[in-house]
Every structure is written in structure tokens, then in C-alpha cells.
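Shared between the two complexes below is chain A, which has chain B as its partner in the first and chain C in the second.
Up next, the complex of A and B:
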């Protein structure tokens, strides 16, 4: 009986059933995605610390609200609090898997809402080492997947996957992602530039679990190996299932963000 | 005759001062959020003035705080943002205004704004034809992007088929003009205290407007109609031919604006039809903006902008842009200091006249920002509205502290 149960578990688990490295990679990605479904909407505050190669720091403060969209990319509303000269600037994004995202920005000095091009995937977000594509919502069709190996990272047993962007305008040829086997959380990502040389490493830490399901890293550090600069994101005050809906993510909503 | 503009300004300054003091008091007591900036500016004019006694050096300072408080779970809020400038040369440029003093009520499918507010309509960069709600604060900047606060009631209705905005504006704001000691003016000063209106109600004419706007896929669309006093006055000679008098006609203006966004392309179009008792005219701005992102593997974005400006106003209203082209480029460094540079030129196709515009800015530390603005005129056509300011080229340095 016990043996039978074990066999059934093995059969049900897509990770173990996968045969080729591609299938295994996809199965791990699907499991990662599945475990983060159902949060509906989320709110968080983020402090961004930019460091140049001499260690000089610069700080940004933003608030991010997201809406989970079934079968498509999430909707996101970002409000900038610091630096003070861009206070009140807000940014709305409807992300999509392979189609271009829809994006609007509100410029408070002119009270102007402007639809902007979303082709800028690889450019720096607010002068940081995070590119727009690094902070956009994760969707399965955005990448192709390849399982590379198992490896220990910070004492955690991890899968290492290779992801290759399938969307246009990416600044990367590929990235390598370390996902822990216990909870399917990203622990580390190596990004390779268009010339296929190592560009950046992102480390995820201070994971906390919310609503008994959703793991969120409270610290993310991006180290650029080519220019010596780094950026740390410190996330705080996560809130889920606030009862938000489509109506809270319209371009009209940009104008009254504070 | 109604109250003079100077009285209004004084009143506005006093109300601002009172509210600022009250707000600073309240800030300590309640959850009032304070932000804003103060700035020092120095403007250097390349040539001696043609018409005024003002020199080539013009220092100036401005203060623009913003007070904000919300309650009722954020569904109600109050915003107050006064503006005060003290100018070293021109008494008319020393002025105060309440940019915003607005109560906002937010509901699921509608919003109500009551008070003094600021609204932007449109998509173009070179000029803002459909943007008709707020009066331009012309002494601040001749690019018409600085606006005076407009008293209004604004109801926004959100539907699946778009947003409908309804406006009722019970009080008219007169355009500000450079005074005797200012640059960027013609031989005659505009006597703003002597402004006249086509409407018997004068500045108390009840202006109304409605606008529909919607996002459909790659399209941003807007359709608007305005009825009320034209924000752009005609300037008439006074009886002694010693000054110009602003005359505000009553007008109907219908506007259409559209933007199509595809890949790195933005396609833009604004059109208006303006009808007054004296004339009807049509104007258009259309063009493209294309951005090269991360050029040569750097972080720099290079945007190219080109717009065509047209109106069939002929010599009746003597607008600056009857048949002109804007060509410009915007460089964005995407660095820690958010460095930006815009260089553009508007070229009159029927002559060789050109007006150059340079704008650059860069943050210093977390709280400071330095900006440079330059305006240069190559105008030889005597009939051009820009002819009087042909010797008013300037370059301006501004240092702002944000709080």
C-alpha cells in the first residue's frame, strides 16, 4: 500500500515525471507559477537603494499595487514618493505575455496622463540596476525553459534553470535561475547580456510567507558585474486581497494617486 | 467696472498667505502632507531690450508648496497648492496664484471635484490646441504650459465605453502678460486692468465643457466641446494708442485628440474648430514621436519628435503657427540624476523664421534639481507675431529645492 501511494505521488508530480531537460524546466516553472496563484491583489512599499562603484548611495521610495489577471499579465500601479522632484508621478501598466504591455505615466506638474511606448524593456528602472523587464510580472509564455542541474545555494537544495526570453526587446540572451526545491522560490538569478557574457546577479532574501501560501522576498539585491554598481530593493508592508478590481487600475486613477 | 487684476492678485496673495499659515499650523496637528519646491532663477538675455528699460540680467524666485489631506478611507481629500513668484525686474511677473484648492470625492464609477483646479487635455508636444480649461500663466513661461488655477465643478463619470467629464466654470481667469519692465513683449504693454469681454457677464460668464475620453487597444481618444470665454484674448489698441487691451470673445470650440501607440512609435493628432461671432477657424497639430531605446548599448534613450502645425486663421488672429514644423530630439540618460535634454526648433514653412527651444535638467543629490532653458529667435518677417520678440533670446538657469 505504501509503495502504491509513493508511486501515485511520483506519477502525479510533474517535476519528477519530466523526461527531457526542456520538459523538466517547464514543469518546474509551471509549479513555481501555480504556487503563486490566487493572491488577487497586492500592495507593498518599496525602498530602493542605488549604490555606485564608490559606494555612494541614492534612495527612491515607491508604492506598488498589483492586480492578478487570470490568463494574462498582471496590472500594476506604481506611485513615486522619492526623490521629491518626481513625487506624485505615477505609472500604470497592463502587462501581457508576448504582446507589448500597455503603459501610461502621469506627470503631476502638467497634470498630464501620457500613453508611453512599452518597447523599453532593457532600460534601467529609475536609474537603478534593475531593468523594466526584471520587475515585470512573471508569465510562463515569456520564456523557454531548460533544466540544467541540481545545486546547493545558501544551504538550500535548488533546481537551476535556464530561461530564454521569448518576448521582443529583451536585453538578455538568457538567465540562470536558482529555485529552491522546498518552496519553489527564486533564490538567485544570473543575467547574461546580448553578447552572452555575465551582466548581473540578483539575490533574493528575507523571504516571508503570507496567507499561508505566498512567499515574498523582502530584500532583492542586483549586482552589476560590468559597471560595479548595485541596487537593493527593500520591500515592506505587504498586503493581499484588499478587494481591488479593474476599476482601480484605470488611467483616470493615475491622476489622484498620492 | 469690475475689480482690477491687481486687486485680485493682492487678494489671491492674501488668501494664499492665510491658507499657508493655517496649513502650516494644521500640518502639525492633523495628517496634512506637505510637499513642493522653492526655486531661484536667473535669466540672461543676449541682447538689449528693444522696448523696455529692463536690462539683460533677471533674477527671480518662486515658492510652490502643496498641502494634501485625505479622510474617509481616501475617498475624500483636500488639495491646496499656492504659487508665489517674486521677480527682480518685472512687477507683472511678481505674482501669486492659487494653482489648486480642490475637494475631491471618489466613488466607484464617478468622481467629483469642487474648487480651483488644473486639467490637461491632449497629446501633442509643440502646442496644446485642445487644452482649453485653464488659462495660461503667460508671465511664467511663454510655452503656455504653466497654468492659472481655474474655479470649477468637475464631475467625472466612468463607463465601459469611456470617461465623460463635465465642467462648470463660474469665474474666468485673465491671461497674465509681461509688464513695462519685462522682456518678451511688443512695443505696447498689455493693460490687463482694462480687459473687456464679449459677454455682458464679463468674467462671471458661466463657462461649460464636456469631454469624452477612452483607451481602446493601442488608441487613446478624446472628444471635447467648450462653450465660454476664449482663453486667448485678442489684443486691441486702446483709444489713445498707448497700450493694448485684452478682449475675450465668447466661443464654441470642438476638439479631437488621438494617439496611436505601436512599438516605439507614438502617432499624435489634435484638431480644433473654434467659432466666435466674428469668425470660425480650424487648427491642427499632428506628428510622430519615435524613441531609440538604449542606444549603442548605453542606457541613453534618444527620442525624435516631429509635428506639423496648421491653422486657417490667416491674418485675422495672427497666430504664431499657421504653417510650421517642429523638429526636436529628447535625450534621456536614465541615470541616477535623471538627466534630460530637449532641443527643438519650430520652423515657419512660409518664411525662414525659426524659434529654438532648449530644455535640460539634472537632479543634484536627492532634493535639488538644476534646470537650463534657452529660447532663441531667428525672425525676420515683420508680419510675424514673433517679430517683436526677435531680440529677446534668453538662457535661464534655475535651481530648485524640493521638500
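Up next, the complex of A and C:
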């Protein structure tokens, strides 16, 4: 009778009671992914504030449009506004889970679109503490998952998962992610470098819900523990379901992004 | 300090030995328990005080960009060419493994160099030798062609002859624990060993600032482990032979032990860390502790041989010696305290520890020493002393030949001192380690074959956000870099202008005609954005461009340079910049520059310190000897030895570095001792026994000659032991101090007595 009850519990709540830590980790990741499906396309403005060890600041401003692609990585279009020298530069990427992303960039000063052929996702994005791989779209096959423990973070009951990149050329061996149990939002990520020492911590805050479903953090702060520098991303003006499609993410249109 | 006080003290010690012994032992043990806090530092930055301007400039630059502490592996294939499948496989594998180095943030090699190629409208960015590459002959030829034509790599990570290649690992030590440096160095060594086993046709050397830091730490520990026992053995042998008494030797050893334990224990309590320079402290302490002991014991044993009983012999020895050894301890301490004027904190620590030890050795020698001697069995035959016979004959010799001696020694002193200007202030910090040290060998190999450890870093500031893309600024940077490359000392210049030129070429279909700076600010800024988007983890431009993209750092690698040459090139660069790019604001910094300036700074501050010590010491002598005339006269034998030692150094070596600048002040306090002992005996004879100058000299030789001879011998041997260090700061200091003390003894025996008789003899007549 007790065995039957246990079995019933297991079947009823797969997330909470999955058998192995690997399965439980994957289940939590799947649930996170599932809850963020169906937004079709999104637009947002982002202000990036870089700080060195002295606290000296430097600001960048970009606009990001994304197209949700089912079964593969999203398509993204980034237009750079600040600093003035790079105004009008636009960057198109088709991200993929395990293959290198396809990337094109339009340089207005050169008046040409260039395809960047590189498997590197791990370098700093615009000289910040965020790597390109930290802000590219989240896809289940990119990582292997391991449930570590439950833990309170900022008063929220969280799952702590360990993610190990499955794609090549990552800058990390692993990351630890705090996901709140209530809404399955990432709250904090610890990144571990190639020698498995703590490199950076990312904190997500100012979450707001859009279309009664999609949670977006308006502030993300990345603190580098090794070089003492930090970067804050401030997101603003989120818009969803603007009716965009594949045709809006073509390399030939890059020149016309302003 | 009245006579009666001294006598009362002496009586108490002699008649209550147990109480005295117990009290002092408690003090020693309390102090010594601080020994557990003693640590060895392994950071070259300890040589610089917190307000050292070059250190601050360097730290500020490190805060703007990234730190430049590094491990450099230099890989030399036996076949003499690095472009072959085996060597490239080694470099590739070792590059990958190097990311595992503790605290590493970046690894640069010819295999992970981010090569950019243009193909139509595609820009390819990736490792020059990808891990998956098929190392065919064609591909290897391509790699050779790229690497040998890349200004970022040539002379930095590959030699123009292609016979050696390097892997540079940048480490960012948090500076929280002393284990960080050895942890890094041990990993690097183990990795190099492992790779040499796997690829037996290769030699791998490890150098770089992290390895240098480690060598500093290892050096101090090695010095302690080899020099201290050697010193110990020397002292036992010398004392055993000269004192010819087991008990006396035993008590001396006990005194030395107590002094070291007390002083080093205090160092622990005070939280001072041992550095390669202050690691000489125990050796110097041992030497210093012997001096007081010998004076007391020689008089004591002499009295017993003359038939006095133990208590009387000791009371008399204390009465006669208390004041001179008190004064000599004070003057010695002042000499060592003059090291506080040094700009190099380890020398300050060394001076202070020895000064504390010297004062405590005095306390011990008037308490523990007599107390123990009272408790130890002493069997002395009453006999005529052959030693003082020798001394008496020597004294007669000096008295009889005083004229020629005065003239001869005076001329000798003058002619040797004449060589003093032959010394030039110069140093080379790699040469602090002698050729037997692994780090020195690796660094010499590296600078002869690939790249040096001497650098200059220039941070150029355009002044406005994003200013590094300003074409005028970039042109200035390029002009400066090009000029730097024409300088004979310069081995490599790492500059952002090369990266811009390469990108411009790439963006124009790899057309070599476009290997030049982009024309517009926007174009340059957009290239930079594009390039940064395609770089992998750890290989970013943050080590060359600040977050605001307003400043850029130019890294100049130099040949092994002496501090003079280093200062010369710094000045030359400043002049060139002032004349050619007067509007450009810049700062210069680097560890090499810090070491280049510290020597000069140290000499000028030590000159002041030494002068001050001289004034204070002379004043004390005048007071103690109660004679301005004799006190001033003592200046001659006190100053001449240091002058002559530096003159000899000028004749034989001629290069005066950081460590030698502290020697004059330090030895001044020591050489004064002999003069004080000799003069106090001389004056005692004149005042108490109303003897004339000749007779008083005779008396002084007879009473104190042996003790002076023994203490000087111990001091000379002690500093000679220190000169056996593999670390030149210690070995030069040891050699110079030994020379100074030897000369001082000669002067006290052969020059001071004739001088006294010449000047005082007239008064008697």
C-alpha cells in the first residue's frame, strides 16, 4: 500500500519527485522552457553600463528584436545606437543549439554586410562582462542538467540546477542556476571557468510579467569575481507579438535597420 | 649609569643566578611563541613601500586594464624548428592544459592566436591551429607563414628563426593567501614536466613574473635552510677553538639561540613577513649576539686563568665590560635602525629585527650569561696566557713602528678610497638570482631566444569616450609604436594599431594595400565592435583597451636591461613623446620601471639615514668616552672602513645596487664597536692608572685585543656565510659587510693606536 502511494506521488508530480538528479534537472529545465513558449516575437531596448575596478562607467545602448523559432535557436536582430561611432551598426544572428550560430553584421561606415564565420560564443559582448553565450537564446539541447538542491534566494524558494554546456567552445565548464519554484524564472547564475573556479555571478531583478505569461527581468547584473569589473543591463519597452516573421530577419535587410 | 649601579646589578646576577635565568627564559619563551606567525612572502611588490610612486602608477594601470602577472613557457624543440606536426601538437595540447593553471585568466600561443581571414564578404575568425586541424605539410607551411609575419606573435610567442615558441599564461592572483604563488608555479612546473615526458624531443623553460615571485619565496626558505646551519657550525667551531672552554661555548650557543628566538618571535608577533632580503636576519643576529658574549667571556676566563674565583672573575668582567657593551649595542642598533630610511620595506624590517635582537642580546649577556656561567662547571688551569703574550708582542710591534704605520696605513686608505667614484649605481633584478637558480636559467634562456621579462607599459589616453577609434589618435599610437621598434633595446611592441591595420585589410578582401589604419572614426569603431563579437573567452582586448574605449595600452618588451639603461630608455621615450606627440597624454609603468627607480631612491634616502646615524653615533661616543677630542678622533677609524670597502668594491666590481646602499649605515654601527672597546680601555688606563699614551695603547691591546680579534673574526665569518646566498641582495651585502669589518679591525689595530700616540703623545710631553 505504501509502495503504491509512493508510485502514485511520483507519477503525479514529475517535477518534484523525479527519480535521479539528472532527470529532475531536465524536468525543471523543460518546465522553464515550456512556460516561455509562444511569445512569437519580441522587441526591447537595452542599456548596458560597464564598470571597471575603479567604478568608472561606460554606457552602450542597443535595440534587440527576436523571433521565436520552434525546434531551433531563435533569430535575433540587434541594432546599435550608442556610442555614436557605432550607431546604425546592425547584427543578425540565427542561433543554433549545438552548431555555431550564423551571424551577419552591417557596418554603415563600410556600407557592407559581412558574414562572421566563427565558432566563438564565449567572448565578451561589446567589451562587457556578458559573453555572447550568456545572452543568446536558451535551448534545451545546449546543456546537460543536474538538480543539486533546493535553496532560498532573496526569500524565494528556488531549485538549484547545474548546467554543463554541450556545445563546443564554451568559456565555461558549468553554471549553477537558481530558478524560483513559483514562476520558473532564473534568479541567479554562477558561471565557472575552464579550470572550474567561480568566474562570474549574474543576478536577475525587476521581473515583470507580459501578456499574463512571459516574465522578463528588467535588470541583469554580471559581476566578474576575477577581474573586479561588472556590467549591468537595463531592459526597457518590451513588446511582444508584433507580427514579425522570417522575412524580417534577412541579411539583405540589415542595411535598412536604423 | 653609575659604577655602583653596575656593581649592584652584577652582584645580584652573580649571587641569584636561578632567579635571573628563570625570568629571562620566560621572556624569551613569550616572545618566541610569536614564531608560529612567521610567513614567507612571495611577491616582488614587497620591495616597494605603499606610497612608492612607480608602484602606484603600475597598480593604477592594472586596475584600468588587466593584470599582467604571468607564466611564460618557452618551448625549444631539439630539431631547431617549431613548425612541425609534433611541436604544434605539443603547443596545442599545452595551450589547452594551461587554461587549468590556477588563477589563469588568459592563455596566448601560436596555436590559439585568433587568425582572421577574409573570403568574399565572409570574415573568418578562429584559432590559427584548431584542435581538429589535420597537420599536413601544406597546413604547417601556412601556419609558419602567418605566424612569422604577424607582428603580434613574432618576437613574443615565436622567434624570427622559428627555433623556439612560447605560451603565455596570464594569471590574476587574488592576493588572499600566500599559497597562491607556489600553487601556480608548481602547476606550471608539473605541466612542463609532463609535456617534456610526452614530447621527449623538446625542452620547456618556465619564466614570467609569477615564476619570479615564486623564486623570491623559495629563495628565502632555501637561504634560511642552508645559511643558518652553516653559520651555526662556524660559530661553534670558532668559539670552541678560541675560548677553549666547553661551558663557555655552550653558554654562547645558548645566548645566540635565545636572541634569535626572541627577535624572530617578535617579528612573528608584529606580523612582519620574511622576504628574501630579511631572511638574512637570523644569520646576522647570530653574528651580533656573539660579540657581547665574547667580550664578557674573554675577560672572565682571563680573570680565572689569573687565579680569581668564579664570582670575583665574573663581577670584574661585568664591571669592566658593562658600559662598553651597552654603548656598542646602542651604536650597533642605531646603525641597523638607519635602514628605516630605506625605501625598501624588507630592509626596514631587517634593520628593526636586528636592532631589537642586538638590544636583547645585550640584556641577555649581562643577565643570562653570568647567571649560567655561575651555574656551569668551569675548570680553568691557572696559567700564563700565551694569547696575551702574542697580543703584547703585537702591541710592542705597533708601538715601535707607529710612524711608518701611521703614514703607510693613511696612504693605503686614501689610495683605496680614491676608487670610490668608480662605483656606479646599477642593478639588474633578474641578476638578484645567481646562475644556479632555475628561474634565472629559464629567464636567461628566454631572453636570449625569445622574449624578455623586462617590460615598459604605456597607457595612451585620447581623453574622450570611444577615443581609441579616433584616426588622429591611432596615427599617433602607430607612430609611437613604429619609433619604439627602431630602438635597440626593444624586442617587441604590442599595439592596438596593428590589430586595426589587420582588420582593415581583412575587411577589404585581404588586400595588402589596405594594411593601414582605417580612415574614419566610425569605421575603426565598427571594426572593433565586429572583432570583439568574434573573439573567444579570455582572448578579448580588455588587456589593451579600457572599458570606456578612451585609452589603450602599449606593451613594450625589452632585452635584459640594467637599471641605468632602463632609466635611459624611459627618459628617451619621454623626450621623444614630448617633442613629437606633445598633445598626447600618457602614463608609463611596469615592474621593471619600479625596480629601476627603487635603487636610486634607496641610495639617496640611505645617504641621509647613514649621515644621521653617523651624527648620532658620534655624539654618543663623545658622551660615553667623556672626551670630545677622542670622540671626534674616533671618526677616522669609524668612517675609513666603509670608504675603503666601497673603494675596493669600485676597483673589483663597480656596480652598486639596492642592497649595498644599506651596508654603510649598517656596518657603521658594527665597526664602531671595536673602536669603543679599544678606546674605553685606553681611556681607563689613562684616567684610572695615569698611564701615558704609549702605555695605555699597550694596556688596551693586552686587555681587549683578543676579544676584538675573536669578535671580528666571528663577524667576518658570519657575513661571509651570508655572502654564500644565491640571492645577490644578501650575498653582496654579506661580502661588503665582511670586507668593511675586516678593514675596520686592521685600522683599529694598525692605524688607530699610532694615531692616538701621535696626537696624544704631544699632550703627554
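We adopt the following convention: the second predicted complex is superposed on the first by the 244 of 258 C-alpha atoms of A that agree within 3 Å, B and C clash if a C-alpha of one lies under 4 Å from a C-alpha of the other, contacts with A are read in each partner's own complex, and residues count from 1 in each chain.
Here is the rule we use: a contact is a pair of C-beta atoms (placed from the backbone, for glycine too) under 8 Å apart; a residue touches a chain by one contact, two chains touch by 3 or more.
Bear in mind the structure is a predicted one, so any value in this text is a computation, not a measurement.
Student: Using the overlay on chain A, decide if chain B and chain C clash or can fit next to each other.
Tutor: The answer is clash.
Student: For chain A, which side has the bigger count of touched residues, chain B or chain C?
Tutor: Touched residues of chain A are more numerous for C.
Student: Which of the two partners, first being chain B and second being chain C, lies in contact with A:123: first, second, both, or neither?
Tutor: Both partners, chain B and chain C.
Student: A:105 in the overlay: touching chain B, chain C, both, or neither? Say first, second, both or neither.
Tutor: second
Student: So, does A:250 touch the first partner chain B, the second partner chain C, both, or neither?
Tutor: It touches chain B, and chain C stays clear.
Student: Regarding the shared-chain residue A:91, is it in contact with chain B (first), chain C (second), both, or neither?
Tutor: The answer is second: A:91 touches chain C but not chain B.
Student: For A:83, select first, second, both or neither according to whether it touches chain B, chain C, the two together, or no partner.
Tutor: Both chain B and chain C are touched by A:83.
Student: Contacts for A:149 in the overlay, against chain B (first) and chain C (second): which applies, first, second, both or neither?
Tutor: In the superposition, A:149 contacts neither chain B nor chain C.
Student: Can you tell which stretch of chain C bumps into chain B once we superpose, 380-388, 542-550, 560-568 or 686-694?
Tutor: Stretch clashing with the third chain: 542-550.
Student: For chain A, give the residues common to its interface with chain B and its interface with chain C.
Tutor: On chain A, the overlap between the chain B and chain C contacts is residues 50, 52, 58, 83-86, 110, 112-117, 119-120, 122-124, 127, 169, 171, 194.
Student: Write out the stretch or stretches of chain B touching chain A in their complex.
Tutor: 33, 35, 37, 68, 70, 77, 104, 106, 108-109, 111, 118-120, 123, 145, 156, 158, 163, 215, 220, 259, 261, 263-266, 291, 293-294, 297, 299, 301, 334-338, 363, 366-367, 369, 400, 402-403
Student: Of all residues in chain A, which touch chain C in the complex?
Tutor: 50-54, 56-58, 80, 83-86, 89, 91, 103, 105, 107-110, 112-120, 122-127, 131-132, 169-171, 193-195, 197, 226-229
Student: Using the touch definition up top, name the residues of chain C that touch chain A in the complex.
Tutor: 63-64, 66-67, 99-105, 121-126, 172, 174, 465-466, 469, 507, 520-527, 529-530, 532-542, 545-549
Student: Applying the document's contact rule, which stretches of chain A touch chain B when the two form their complex?
Tutor: 50, 52, 58-59, 82-88, 100, 102, 110-117, 119-120, 122-124, 127, 169, 171, 194, 247, 250-252, 256, 258
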